């Protein structure tokens, strides 16, 4: 993996966002029930379409025409555990972008096990915070050569993939005070991957837009409740002029 | 089915809303986990009471004293699939109003199958968008004579039932940018059906109030996040004077 | 049980809140899918950390390092029913605080059964509204001597435990118009129990802060939608000066 950080400018981010808006990719989300609502609303604000099947007998059909797949194990249950292999199969057979979010993997042997299964796939994106990524270190080592794109979100988001590395220094601490904001980031990355073939660039574009929306929302809110509302508004309102103004600041 | 469009005036809508407020019907919702929260909050804003059981061993008991039942298959899983027949049985045996929302039925053979099972019932209300209703066309044809009330929501809502047809031209495009707004419409229709024996009139009253709340909310919001919040506020604040002013506009 | 009502002053409440903020206890919530999002956001606003596992094979691991456990049966399903005994075992073996919320127990024999199982445990907190607590009367009688702390929330919250009784007269009627506000109260009590060994005092402190946040939010909102948002903001902003001003009013 390269560690040269590619410079990201507003025009490249705007180009990815414009393709999401034009193509309106559907993202099939197998995600946790806590974050489903904010995830769906962020996808809509981003110009994408959410679908959230879980039934083992339909997840493959639902993923079939989707532009990308998200797997988030925040509230994994017996049924979603069985649905995951079906989604992995669609992702592999159709070379469909897949983002994996290993929520709280550091707390549960079951989640470690599921992560190992998911990471047998090639070309996927893994998004987690520093604690989750550290807890996955051995699994990620074992998957070296799988062309993974690793996205570690935090005060500065670090993105490393086979076709480039990016660093995103946007966002606001309130983003950690609202449940599901991190989980929704994974869905936005998936939406961007549906329209941009370089997953690292897709992730960087999505996280830049999201981080800037967070900065704008923080200026307009009085606490985590109003921040969550303003974040959806701000993401829906992001345009190239805003990106340009904020990215050069 | 008649295609004469009955004129709806503010007094008729207000009369249905007043009965909801007075009787506070409980709506037993088997609905998708994405939309549960906004559905419950919209029911409360409408003056009704939400309950959201899913367990096969209790859905019948929970539906027993409810004023109406909602079945929404947006995140159908193995357990809710088994719970659906129990709810159908209560609806049939107690002649209790039932609203069916065939979310994304166009994407999944499983959902088509479930829809066929549900549509064996008589006298139910089916609410979907144009895509969903089109995907159900064969099933709806096969259920001709079942006294269904069909509610196709969109820019203009079309309502056709055995006892009348209505057209509702209220609402705002932001209603399609917030997840669960359509699903919550089904719950409001169910609440109205609990107090009004003509399902078409009940649906028209609920959708008129909801659409007008959407118009008011759009004037008070800066994007889909603040719109969702304002929509709940506006629905809670609807009164006959507001209906009168907006319906004659 | 004593019926002497202990006086609660702002300093005692603030001391509990300061310990939550300093220790940031994680609360393992097995809670209903309607209330998960607002519960997680209220815990974050309170300074605690939510985790929401449900899988039978991991709930014990997830509860292991948590400061407290919440069991809320609002959308109990076949899987969470099996997960409950695992959580009860962790609570018992590790003497970990546990709050039980018997949502709609009056409507379902299944919920009565589950409540009886949970109430075999000693030293737990039961939080319900007056209807739920009345429906549990026999079960609570049978559990006399189990050192339960009973929290009946309403216009005035009544708290009775082996080490004291409190009465909390804060809050606002809008708190009953937003789904999950009551359920989130149970989570806040659990967070307080993680840092305060007297469950009655913990519950009283949490409900005082929450009720005052409700009073502040009501002054800043236009209906139940904006109230829910303002409630999160207000809870995140509670400090000793605010408590002092509101508690003496």
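We call the chains A, B and C, going by the order they appear; numbering starts again at 1 in every chain.
By our rule, a residue touches a chain if its C-beta (ideal position, glycine included) is under 8 Å from a C-beta of that chain, and two chains touch if they have at least 3 such contacts.
The structure displayed is predicted, hence computed values, not measured ones.
Novice: Edges wherever two chains touch, nodes for the chains themselves; is that graph a line, a ring, a star, complete, or other here?
Specialist: complete
Novice: Are the two sides of the chain B and chain C contact the same residues or different ones, given that same means over half of the numbers occur on both copies?
Specialist: Since fewer than half of the residue numbers are used by both chains, the interface counts as different.
Novice: Mind checking the centre-to-centre distance between chain B and chain C? Centres are C-alpha means, answer in whole Å.
Specialist: Their C-alpha centroids are separated by 32 Å.
Novice: For chain B, which residues are shared contacts with two or more other chains?
Specialist: Correct list: 33, 37, 79, 228-229.
Novice: Which positions of chain C touch chain A when the two form their complex?
Specialist: Interface residues on chain C, with respect to chain A: 33, 36-37, 40-41, 44-45, 50-58, 61-62, 64-65, 79, 228-234, 236-237.
Novice: Given the complex with chain A, which residues does chain B contribute to the contact?
Specialist: Touch residues, chain B against chain A: 32-35, 37-38, 74-79, 81, 104, 107-111, 177-180, 221-226, 228-229.
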